[in-house]
Amino acid sequence: MTEFLIQLAQIFLVVALAPLVTGWVRLVKARLQGRVGASALQPYRDLYRLLQQEAVVAHSASWLFRVAPYVTFSAVWLAAVLIPTFTTDLILAPAADLIALVALLGVARFWTALAGLDVGTAFGGLGASREMMIASLAEPAMLMVTFSLSLVSGSTAPSQIIAFVLSGSVGIEVSMGLALAALVIVAVAENGRIPIDNPSTHLELTMVHEAMVLEYSGRHLALMEAAGMVRLTLFLALIGGLFAPWGIAQAGAGWGEWRWGWEHSLPKALPWPRPWRCSRPGSPRCGCSAMPISWAARCCWGCWRRSSSTCRRRCDGSRADLL
Amino acid sequence: MGAGQISYDVAHLIGATVLMAGLQLLYQRRLFAVINTFAFQALALAAAAGWQAHVQNAPHLYVTAGIALVFKAMIVPFALHWLIEKLGIHRSVETAMSIGWTMMAGVALVALSILLVLPVTANAAALTRESLALAMSVVLIGLLMMITRRNAVTQVVGFMALENGLILAAVSAKGMPLVVEISVAFSVLVAMTLFGIFFFRIRERFDTLDINDVETYRGDRQ
Amino acid sequence: MIDRLTGLPGLENPLLWILAVPLGAAGFLAVLRDWRVASWVNVAASALTFIASLVLLRVRPAPTKLFFIDDFNVYLVVLTAFVGLTTSVFSAAYIARESEGNRLSDLHLRFYHAMYQAFLFTMLLALSANNTGVMWVAVEAATLTTVLMVSLYRTREAIEAAWKYFILCSVGIGLALFGTILVYLAAQPVMGDGADSMAWTEMMRRAAEFQPDLLNLAFVFVLVGYGTKVGLAPLHAWLPDAHAEGPTPISAVLSGLLLNVALYALLRFKMLLSANGQTLSPGPLLVVMGLSSLFLSAFMLYRRGDIKRLFAYSSIEHMGLITFAFGMGGPLANFAGLLHMTMHSLTKSAIFFAVGIISQNEGTKRIADIRGLTMSHPVLGWGFVLAVLAIAGLPPMGVFMSEFLVLGSTFSRQPLLALPLAIALLLAFGALISRLQMMAFGEPPPRSAVQSHAGRASSILALTPLWLHMALVLMAGLYLPAPLVAWFHTVARMLG
Amino acid sequence: MLIAASLSALVLLSLLAVVAGGREITHRLVHAGCAAASLGLLIGGLTHLGTGPGGSPSIVLPLGLPWMAAHFRLDNLSALFMVVVDLAAVAASVYGIGYCRHLPEVRRVTPFFPLFLFGMNAVLLADDAFMFLVAWEFMSLASWLMVLADHKSAENRHAGMVYLVMAAFGTFCLLTSFGLMAGAGGAYTFTAMRQAELAAVPAFLVVLTAVLGAGSKAGLVPLHVWLPLAHPAAPSHVSALMSGVMTKVALYGLIRILFDLHGEVPWEWGAALMVIGGVSAVLGVLYALFQDDLKRLLAYSTVENVGVAVIGLGLGIAFKDAGEPALAALALVGGLYHIVNHSIFKTLLFFAAGAVISATGERRLSGLGGLLNRMPWTGTAALVGAGAISALPPLNGFVSEWLILQALFKGPGLPHWAMKFGVPVVGAMLALAGALAATCFVRAYGIVFLGRPRSLAAARADLHPTPASMRWTMAVLALLCILLGAIPVTVTDALSAVVQPMTGLHFAVSADLGWPWLSPVSSTRGSYSGTMLVMVGAVLFAVAVVLAHGLGTRGVRRADAWDCGHREDIPETQYTGQSFSQPLRRVFGTSIFLARETVEMPEPGERSPARLSVRMIDPVWVWLYDPISRAINFIADRVNRMQFLTVRGYLLMMFSTLVFMLLVVAWRQQP
């Protein structure tokens, strides 16, 4: 019964807290850029406002356009439900291992991309094309991370990996380090962050994820945004859980441990902004390196920057047949 | 065995004559000379057949000798003479390979025949043995002549020289039934009539006997 | 003289009828004026011959000095008589169409029919002869009759083809005679003078005592000699032209029957060698010649623009395959070779039937001008497709079975030899299929839609043999009658 | 009994089609008959699968090779493939009832369709090499004739040509394989072959030729070239069978030889198969990504999926050789599962393509669009198919990829260093192929069914309603896609029974956690439950709907598309297939396909449109097939000169032959 309750708690907590996490990230980012930034609770307000707005759908859109936000949201939600955040003892966890999690995120992307194509605008296609291109590189990377984790730990199930890491038999593993680096990069790509994408851009030609959902409004847009927030939360929890699981509750734990796990899970994933002050405030490129996960991203920043800028150029090449 | 020795020597001599005539055919440069040499070869063949008939006591071989004498040594050469006159064929022999090389090839073929036949017929009658080697040489030389001569008449002569070799082999084979002789005569007969028809037809159509001109079409050019 | 004539069969002997009917018919047809009647007399005579040959399946006459029937030639005789019959039916239709265009004079037609029967006679004679000499005479005569028929149209190309055919085959047949004489010489010390030393039945009995070296030498001459008639590369040159320029029924019997007869002669000599047991193995020579034929024809097929030459080269290919099979030897490969002989002769003559009708319908032999046969003439077109697929070796037709056995047994014994074999077959397959698709599919040319009533009637007549052959080939691919299998097995054993 | 009756019914149906080919009712009748007959075969296969391991006794018919007769037998493996084949066959036949009305050349399809079904089933039933190859070639032959159904287009004829020659190549290869196993005695029954002991070199050749032969039919790179040509050329329900099922029959041949007849295949072959499979998967999907022809795209995607299945088979071999039967079984179950899945969703997608083509007459992506509004049934079914082929949970395509990945992740445990390093590479290839497949089908589905119509024909697609038989088949197949994804354990249990004789181990993929949980190896190794995902996902979806509607507005307002204010009505401004795949073309195409783009920009002031043209070459054609065809042409030209010699020349050839042979005899006779 308690297991059931825990699972239920997880289901609703990830959704309830996701906007907060996003707000927090935005706040940190603003601080690092030298701005005051909006409150961490701002995403709640945004979502509510969107929900209250009228949903406008284009004439040419099909039923898929209207269903896509619900599917996208519930797919991401489903993925997030199965990730151990404060405890590994989830009754639904065996339903999907890391491979299935990757695939569930793929479902969300599949629908979003299709929705982007549905209205039949240039920007929707542009976004879908870029998104799928990025995904077709990021998804294998994610699977390879899973591969190396399963090599080290002997399992693809997140709870088992966490158990293995906690058991202390893992030393300083090069492969774990590399896996972490890769996972961070994938997380950057999946969540549409700089340098792959810029969630706050207003120039449509440089959009990726945003371009796909340009046609959405009202509750549909709210669901799409919420899906993005849940995804961000999911990745942070995943990184934190897999690579720094200390404090997480395991099977058979009591309430106290769960609480402890819960209290630790948030700060772990969301470091307080103050200790990390950017050396060059105001530089937009630097802004991205001030992402909460930047401490890992820095390691591979140099090489990634090269490849991503090439990638970026390639993406922008699509303008040729667009204009 | 005295008689055997003599019969062997004579057969050998006549057979060698047939072969010599065959080699001679290779170095003739004029058409009429070729025909005459062929007539001589046929004559020698007739003699060989006659001698074998005598030695083997096989009267049917006289028939073969007669056919060779009358048909090959007389009618065919006369017919060819007449044909050349009538069709106004160029009288010199056009060779595809120089006479010297042809002769050397001919000699090599003789050597090959002897090399092949003599060891394998060790237990056959001596009479057969030598004749067979000679006959095989004649056959091969006839074929060689067909290859190295461009003119249709010389080719026909080469073909008949080849047949001469066959008949030489047939008569030397002791006790070979009559069937063979009939067939040989028969084939020669038909061959000749056919050749005649062909010559006329070729004449009608192409005004030449040089095969290179006949074969301008050669089938299925694209 | 008299004792030799006793070799002739008596009246009750089917062999007499098999030989006498075509010979008599040839004489009768030579004097018969009306070609319409002649073409049906031709059919009737062939039918009689076929019926007589069917008797052989029940009654096997005892061997005489000149003639014999054993497991090997019995099915070939029946096959020859059968294809002779179907071809004569096709020929009746063909000649009727041909004479509409006045391509042939009455004299030519009279000559044609007489020669057709004479040709059948010579082939049956060659098959049933118990004497190497008689066999040789028969093959030579078969050559002569077909030379005359090839030149029937008197066109420049036909005469050239006939000339080539005549010269090459005469030389070949001359060499075969030399080989025959050598075999006699090998037999004579053992069996004494006279006809016994040339009789297959006698020679096979005592072959082991023959001088092996002499047999080796003889076989070389026989191989080159009869091999020329079989059309093995590089002795094949006469074959494509002779097939292409003569009347199509003649192409059908040339490909379907004459090549088989020549091969039969060759195989008889090979049996002698394997019965002797101490000779050099003739296998390698046969394998090399078979492979060279296969490769030559496979590549040649890609460059053919003339439909009849195309299938003539395909005959060379199949003869090469059969020779290869016999060269490999062993029960499986020999069986396959025998089966393939049968299947090829049925299929290839069927193809030539189709080709004959096609070239008459379209008025051309150029492949490039023939299009969309399955649309313009469905029954003919699909029959043609079926026949070409069969000859290309696709199941469930009989050719597939024999190709399966040849390839399968070769792979298990000599993989290195099987590889070139498979490559050559694949090459030929590609060429045939590409030509087939060009002719059978696509938009048909606008003409050729109109057809006279008589033309339609004659094409039904012409199509019957085509479909009959294909039905047989199809049946053989699925089920082989037990007696045939038994014969093949015996012969395969004899071939070593 | 049921099977025999159904098979003979197929032959009779073909005869019926030939005899009474003219009328439309015949065509529908024949297709209906085919559906009934395949249903019979399907039931036959299913009942056999249900009866547990061990094959039926051999049935011997007096056909084929006279001394051997024809052997037929049904064991678990063939029963499984029979289910695969006949499930699709039933669907294709029912679909054909409605579809054949729209076929212009239906008379050239109906007689061969039953024969094609017959051929495929006969391959599965054959228990000797001869019958196997007869059926195998028969299957090619029948499908070749249907590829040529629309024979007036030169493209189709070329396709047919390439197809049949490749088929013959495959047959020759398999013949080699069987010939080597049968030995000189000609023991062509499978029973005899199982006992054959082979030396090293023949054993190597057996496997090599089996891989080449079956691979050419299955469409493994680089033998895949016929597939994208031939599959689109045939009518869609035939394409569906060719792509979805015939390639599976080829894999059946591969499995039969490698796991049953030959049995002991060394791990190197497993590695080789994995590499071939990986390359096929990646290249196949890349090809598919850049296609503009809908059916060709689907055909290339078949190359990918066959590659995925072959990775599973190769891994199975490697594990088996390393003495890990449990993991071998896992890999094989994954491979077989993928085979089953692919046959369903590829058939579905081809059906959808057929429906699209018969409604619009358009095969090019660039002429389609907006069809989901006009053909809702087809569009919805195709969406399920696209999701399944993109390996999205909870559909069936994901389960098989998951199983194969699970097995792959165990690969580094193999004892060979090559495998330790190679398996991750193959894993990366598989993952890449999966991700690219999703891209490919987002593109295909999005361009065809979503957006605005790009041609008049597409805009009027709703004027040609899809017949009920077509709609229902697609719906049923789509349901199967969901079902096979939702209850994977039932399927894996059946597959384990099939795999058992191959690995010698009864292996339950779901042993640890019980029914709805797929947990290979052990519960701690990683698990998956399609059932749970479906259930929880459905609940969450409902909650999301309730939440969104409860907290927010209801209903929608229809308006013109916003499009950032660009507002253009011309559908040409939409993304096209070409532009969609452009980023990936830049990444992969430039190196693999040597893609080059040229832009023609009009001068300022000119009103002509700018044009972007892309040129891509197929490396396999350029590096492998073109040289072969050039070589053949070169040699043919040289050889052809021999047709034009003089008589003298020919005599010379004859003379040389004679002299040569005489010399050989002289040489050999020297004591």
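Should a chain be cited, it is by its letter among A, B, C and D, assigned in written order, with residues numbered from 1 in that chain.
Everything below uses one rule, namely that a residue touches a chain if its C-beta (ideal position, glycine included) is under 8 Å from a C-beta of that chain, and two chains touch if they have at least 3 such contacts.
The UniProt protein names, listed by chain, are A = Formate hydrogenlyase subunit 4; B = Putative hydrogenase-4 component E; C = Hydrogenase 4 subunit F; D = Hydrogenase 4 subunit B.
Predicted, not measured: the structure shown is a model, and the values here were computed from it.
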{"item": "Reference chain A; chain at largest CA-centroid distance", "value": "B"}
{"item": "Distance between chain centroids, defined by C-alpha means - chain A, chain B (Å)", "value": "100"}
{"item": "Euclidean distance of C-alpha centroids - chain A vs chain D, Å", "value": "36"}
{"item": "Distance from chain D to chain B - Cα centre to Cα centre, in angstrom", "value": "68"}
{"item": "Intercentroid distance (Cα basis), chain D paired with chain C, Å", "value": "44"}
{"item": "Residues within chain D bordering two or more other chains", "value": "643, 645, 647, 651, 654, 658, 662, 665, 669"}
{"item": "Shared-contact residues (touching 2 or more other chains) in chain C", "value": "163-164, 167, 171, 175, 213, 216-217, 240, 303"}
{"item": "Chains grouped in pairs wherever the two touch, ordered by label", "value": "A-D, B-C, B-D, C-D"}
{"item": "Complex interface listing, chain C residues touching chain D", "value": "163-164, 167-168, 171-172, 175, 213, 216-217, 220-221, 223-224, 228, 234-235, 237-238, 240, 280, 285, 296, 299-300, 302-303, 330-332, 372, 374, 389, 392-396, 400-401, 404-405, 407-413, 415, 418, 422, 425-427, 429-430, 433-434, 437-438, 441-443, 477-480, 482, 485"}
{"item": "In the complex with chain C, residue positions of chain D that touch it", "value": "62-67, 108, 129-130, 133-135, 137-138, 141, 148, 151-152, 154, 157, 160-161, 164-165, 168-169, 172, 175-176, 178-180, 182-184, 186, 188, 202, 205, 632-633, 635-637, 639-640, 642-643, 645, 647, 650-651, 653-654, 656-658, 661-662, 664-665, 668-669"}
{"item": "Interface residues, chain D side, partner chain A - complex", "value": "369-370, 372-373, 376, 379, 383, 387, 390-393, 398, 402, 405-406, 408-409, 412, 424, 427-428, 431-432, 434-436, 438-439, 442-443, 445-447, 449-452, 513, 517, 519, 523-529, 532-533, 536-537, 540-541, 543-545, 548-549, 551-553, 555-564, 566, 571, 573-576, 578-584, 586-587, 597, 599, 612"}
{"item": "Contact set on chain C toward chain B in their complex", "value": "1, 4, 131, 133-134, 136-137, 140, 144, 147, 151, 154, 156-157, 159-164, 166-167, 170-171, 173-175, 177-178, 181-182, 184-185, 188-189, 192-195, 197-198, 211, 213-214, 216-217, 240-241, 244-245, 303-306, 309"}
{"item": "Residues of chain B defined as touching chain C within the complex", "value": "116-117, 119-121, 123-124, 128, 132, 135-136, 139, 143, 146, 155, 159, 162-163, 165-166, 169-170, 173-180, 182-184, 186-187, 190-191, 194, 198, 201-202, 205, 214-215, 217-220, 222"}
